[in-house]
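We just call them A, B, C, D and E in the order they show up, numbering each chain from 1.
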Amino acid sequence: MAPEEIAEILKDTFGASITDTEFESAHPRVVVAADAWPEVAAFLRDDDRLQLNFLRSISAVDYLEDDKFAAVYDLASYRPGKTDSDAWALTNAVAVQVWTDRNDPHIPSVAHVWRAADWHEREAYDLMGVIFDNHPDSVEGLNGFHPRRILCPDDWEGHPLQKDYAFPMEYHGIPAVTELNQTRPIH
Amino acid sequence: MADVILESQPDINADLSSDQIQQQDLQTEEMLVNMGPQHPATHGVLRVVLRTDGEMVLEAVPHIGYLHRCAEKIGETVAPYQYIPYTDRMDYLAGMNNNLAFAQAVEKLTGLESEITERTKLIRIVFAELNRIASHLVSFGTYGLDLGAFTPFLYAFREREYILDLFESACGARLTYSYITVGGVTDDLPERFVDITREFLDYFEPKVHEYNLLLSHNHIFIKRTANVGVITAQEALDYGLSGPVLRGSGVNFDLRKQPGSGYEEFDFNVPVGQGEKGTVGDCWDRYIVRVSEMLESVKIIRQALDKLDGTEGQETLHKKGKTLKLPADEIYYEIENPRGQLGFFVRGNGSAIPDRVKARGPSFCNLCVTEKVCEDVLLGDVAAIIGSIDVVMGEVDR
Amino acid sequence: MASITLPWVQRDTEKLSNYREKAIRLLAFIALAHIPIILGAWFLLDPLSTKPADLQDSKVLLVPPLCLGSIGGMLLFAGAAFAIYAYELIGRVLSAPWVAFIIFIGAIFGIVIGVWLHAEILMTVQRDWMPAKETSVIPFVGIEYDHTVQSIYQNNLEGKSVDFPLIGAISIDTPILAYLMFPLQFPLVRDLVAVGGIIGFISLIPGFGIWWERKVAGRIQSRMGPMRAGGWHGWAQSAADGIKLAFKEDYVPPGGDGVLFRLAPYITFIPPICAFIALPFATAWVFRDLDVALIFILAMLGIEVMGVILAGWASNNKWSVYGAMREACQMVSYEIPMGMALLIPVMTAGSLSLTGIAEAQSGGFWTWFVFVNPWCFLAFFLYYVASLASCKRAPFDLPESESELVAGFLTEYSGFRWSMFFFGEYVAMYVVCGLAAILFLGGWMSPFPASSAEWFIAQANIENGMLQTLVKSLLAANPIWFILKATFLFFVQLWIRWTLPRIRIDQVLYACVQVLLPATMVVLLGNTLWILGVSENGLNLGWLIAIDGIINKILAAAGVLTLVGIVGIAAYGYRNNKKLVGWLAVDQLPGK
Amino acid sequence: MDSVAAEQGRSLKDHMDDLAFYIFAAISVASAFGVVVSQNIVRTALFLLGTLGGVAGLYFLLDANLIAVIQLIVYAGGTLILIVFGIMLTSKSPWAEFKPPKSQIVLAAFVGLLMFIGITSLTLSGEVNWAARATKTPLATSPKVAEAGEALLTTYLVPFEVDLTAIGAAYLAKTEK
Amino acid sequence: MLAVGLSHYLVLSALLFSLGVVCMATKRNAIGILIGVELVLNSANVNLIAFSKFQTGLVDGQVFAVFVILLAAAEAALAIAIFMNFYNNLQTVDVDRGDVLRG
């Protein structure tokens, strides 16, 4: 089923919360409002026309100029073939984008829908700083709960992949050396 | 003694004695054991914290990040053709496949894909499949090591040596090739490459049956792997597993069989776990899927080599590869890496340097299932399960 | 670029150089101090003229050792001084591989000739000069003690001579030989010499075993194994490892129990060596022929467990506690099937002493207990599997399984203590293989029946004693056969280790309790009934004896076939090993 | 004791046996003393191993080969491992010093000393005429293993069976995981 | 030195016996007491076998010693089982803390 038809189905079931669609690009995607995203996700997986049972990846993108974060979910539906021997088909490949404000980035977690989302969301928080609410593996931070860090040490400040990330010059006494002391080194 | 749990009789006069008597069984206190970043069974720097009670592992929590080299941050500072060497170092056992994934993602994004010649596509497929064989040989060897059989490791590396020599004759490197770049391959094949590869394939094919005799159908090996670490098909899809781990659970899904993967004209079948020695989705199934995939790759390479003879003259590197301008658009493209589906999300902003590069590493997704699978297993099984999931830490930590 | 010597390096080299001079001067002085002692003793003793007879009084007795000792001391110190003085020269000479090889071969031949000479002298002393054994009965207890008369000189030595078959007869009238003969009459001295022989052989086993294991592993894994240390096929690899390990850092984990940590390797290392007390190499070649030899060896292997547990406990490391616990339950549980499987050859031979069991298998290889009856055949394999587990080898090497427990109870051990553990493990392996060789494969009996030796001698009518003993040893009984069989079983242990993966701890215990133990009991029962049926004073069933004969032939044929098969495969593999591995000569690739 | 008569007949072998006796006695008494003194329970188990080894040596000297070997296998190889299992399963930290108060130690030591002096004075006083009590005729040679085995199954069959049932009961009663 | 006779062994077993009793008395760790019991049993064994050699010369003493060893093994197994339940209930093996039933 083409992404446009999927967008149609979503529009007439959820109406306002599907804020925008983007099909001319190489990565056709539907934009969903952050607060309605868990219901849409559950619908995408459970609806028998769509059955998007495979979450391929969550990519967090930093739009510094218009002060927004975007979390791009790539989904697909793996359907078994007619008989046991022939191959499963990958259909309904679609991407969903969720915008969130850059200074207070909160997106509800979909780890309860797809178990794969658990680690992807922790990585998105750890590197980009997007806070996923009621994440199964969340930790009490300064401002409320946030997913536990997965790659960086637990007491690391800042989120490295943000465009305006300042390199820490020292961590637990270990000096950091960059070329000509640039804060944002270009290799 | 583990599975024979002697249920002790309830203590009749329990209520008489002091209040702190709770459970009847002998309560040995649990231990937190660090199957630490430095441990022979964890391939590379993976730390698994095991909460054990005697020999029984109650809970296994993997901790990653010890090999994090900020590959994605660097992606935002270099042009695509300069980023290829970084993709080599993600899954360092399958350098060619990583290069292919990133190169095809950028080509699809910039529309360069239509100008790739037929010869380049065939060379890319030959090298990708050879690298798949080399990667599966390493996982077959190290899995034998995890279970205590030292000899298969040496045989696997003896065969892999020939593949690395083939790669070295083509691109000069043995592990980090950077051979497949944006717009084609760095240079054409050396002259006798095709018939030496054919000789290698004839030499290699009977060896796989020898391995099956030596390890796969060895009774002790089956005892150690059958019915251990079972992952059902539904769980595999839910956890986003891919590659031999997904196929081991009975899901017959291979990206190479999907339309638009460039493998349409080759006929090969996809080995799937049938629970031959135990239940579907146990360690043995994942292991046997990898070993039989090597045979399938041999078939593909043979067919690709036959087609290659006809495409002598075509040039294999597109000039525009180095001077690409990325459109202000994004793309997510996946290919079938030996360990699973390696996907690249690339977003350009009009300039030559991408705005965001994210790599979806198959080992990263496959590893998250260890927490669920390693519950209430024996200490020996944890090594078997992590070995069967075949994790490469370079790809997990990026 | 002019070489700059840093100030502190400069100072050390100067200090070092005069250290060396000081050492040379000191040693030379000590060597010279010996000369007056020698001269004094020479004049006092005047060795050439004294007769052995007047060696009676102890004062004279004291002088010769003093004399010999001081000569030896002088040579020793002078040699040390020379070694330090000309160390470059010596280094250059020793570094040539053939020199080291000659020393090694020379050492081996030296030991062999030494032991043989000692055996010859002992036999002559025992046979010709000892008076008839006097037995005295302890008054009220009635236990008979055989003790030889103390002094050899009541019957004076003139006219006696030792005839070495090769060298011919040497008469004893010169006192020097008398001095050598004198100590040999005391049982304590003979025991010391025997202990020297055993310790020599025991220290040879790990040295040879470790090198051979690495070569066999290499061969199985289509590589060469050690090739560099000491020349031909890296023969000195174990020696090199031993020296390297001896100089490693002596690390004791903090927090653990230091004393137990240091003591544990020796508790693991000493019992297997004690097991060699009771293990016979040939009818007379045993240190003490205990009547409980079999159980004594089992007991010694049992005590080893305690050392491993202490090692695991004292290393203050979670992994080693795991290793120690696994070791404890594996070794203790596998002792039972091993002990019972040993009873079966004891039952068929009817005697508990090992020499008796070996004698019962002297009628050619078809009388070996492996082939005698089907139950013994099974018992051999049950025993072998149980012995694998009790030596922590091959599929049962859980306690120090690298992949799960890092290195089990050996995690914290390094250097010399670590090699002590391995020394103990290889000696225990050899003891277990030796026991299997004696009980099931006829120990030092040759595959040909004992009678064939006399028949051959009669046919070729050989008179010379030496040749006769040679033929007898080849065709009848000789320690070499025992060593060959034990080494073959040792090889099978290596072979198994490098092919099979490791089994899990609950499978190890399941195999012991649910599989091996019942099987051993059934085989024990079967064997008792079988012997009862076959033996004359038992039920003496005709049909069973017939079946017994047939099965004996079948099993013997099976044994020959397996041996021929193994040798055949090895030959086939050797003949075209070039074809198997090296055909894709890598240098064919272009651009190379 | 008619030791004077046996003096001349003593060969080197007898002297060696006496020396061996004193060595083994010293080992077992020293490790027994170690068991009493040492605080760390794992060390007491090790000292117990020392005592068992020393006593086994004594049995070899007393020509009781079978018993020495059985002692090594069953006691040092089996019971001691069981005791070490007990130590490891039941002790939070084996270095927990169970310090009994000083008074109890002094009292116990005094009682022990008293008992030792009492027994030795009784045995050495010689009232008890050992020889007269011998009921059965002594054997000519030292009891071989065969006789010990045979006696075990003939004259002492009943206690042998009781023993086996006791071990069986112990096995069933054990409820450790 | 006096030739090693029966009296030497009796003195030795008496020493072992008294050390065993002292050990049982002073140790507060339950397993320490069990080790004390083993010491006492060993001293009894030494006596048995010494008499069997010097006194009667018969094999009865040795057979008796075998029984003592076998029963000691069974007794140790039971004692360990009891201690484990003791430990399980009171989380310690300190014998003095076993006054739960005093009421």
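Convention: a residue touches a chain if its C-beta (ideal position, glycine included) is under 8 Å from a C-beta of that chain, and two chains touch if they have at least 3 such contacts.
Owing to the predicted nature of the structure, the values given are computational and were not obtained by experimental measurement.
Chemist: Which neighbours does chain A have in common with chain B?
Modeler: Common neighbours, chain A/chain B: none found.
Chemist: From the centre of chain E, which other chain's Cα mean sits the farthest off?
Modeler: Between chain E and every other chain, the largest centroid distance is to A.
Chemist: Look at all chain centres (mean of CA atoms) and spot the one farthest from the centre of chain C.
Modeler: If we average the C-alpha coordinates per chain, A ends up farthest from chain C.
Chemist: When the centre of a chain is set as the mean of its C-alpha atoms, what distance in Å lies between chain A and chain D?
Modeler: Taking the average C-alpha coordinate of chain A and of chain D, the gap between them is 74 Å.
Chemist: Please tell me the distance, in whole Å, between the geometric centres of chain A and chain C computed from their C-alpha atoms.
Modeler: Centre separation, chain A to chain C: 68 Å.
Chemist: For chain B and chain C, let me know how many angstrom lie between their CA-based centres, rounded off.
Modeler: Each chain's C-alpha centroid was found; their separation is 49 Å.
Chemist: How big is the gap, in whole Å, between where the Cα atoms of chain A centre and where those of chain E centre?
Modeler: Centre-to-centre distance between chain A and chain E: 71 Å.
Chemist: On chain B, where are the residues touching two or more other chains?
Modeler: In chain B, the residues touching two or more other chains are 1, 26.
Chemist: Among the residues of chain A, pick out those that touch two or more other chains and give their numbers.
Modeler: Nothing qualifies.
Chemist: Please set out, as single numbers or ranges, the residues of chain D touching at least two other chains.
Modeler: Touching at least two other chains: 6, 14, 63, 66, 70, 78, 85, 89, 92, 131, 138-139, 142, 175-176.
Chemist: Taking the complex as given, what residues does chain C use to touch chain B?
Modeler: Against chain B, chain C makes touches at 217, 220-223, 318-319, 322, 329, 395, 397-398, 401-406, 498-507, 509, 581, 583-584, 586, 588-592.
Chemist: So in the complex, the part of chain E that touches chain D is made up of which residues?
Modeler: 1-12, 14-23, 25-32, 34-36, 38-39, 42, 45-46, 49-50, 52-60, 62-63, 65-67, 69-81, 83-87, 91-94
Chemist: Report the residues of chain D in contact with chain C in the complex, numbered from low to high.
Modeler: It is residues 2, 5-6, 9, 11-14, 16, 40, 42-43, 46, 49, 63, 65-66, 68-70, 72-73, 76-78, 80-81, 84-85, 88, 94, 131, 138-142, 144-146 of chain D that touch chain C.
Chemist: What residues on chain D touch chain E, complex-wise?
Modeler: 1, 3, 6-7, 10, 14, 17-18, 21, 25, 28-29, 32-33, 35-36, 41, 44-45, 48, 51-52, 55, 58-59, 62-64, 66-67, 70-71, 74-75, 78-79, 82-83, 85-87, 89-92, 98-100, 104-105, 107-109, 111-113, 115-116, 119-120, 123-124, 130-131, 133-136, 138-139, 142-143, 147-148, 151-152, 155-156, 159-160, 163, 166-167, 169-171, 173-176
Chemist: Quick one: which bits of chain C touch chain D in the complex? Just the residue numbers, please.
Modeler: 136, 138-145, 147, 150, 186-188, 257, 259-260, 263, 267, 290-292, 295-296, 298-300, 302-303, 305-306, 309-310, 313-314, 321, 325, 328, 332, 335, 339, 352
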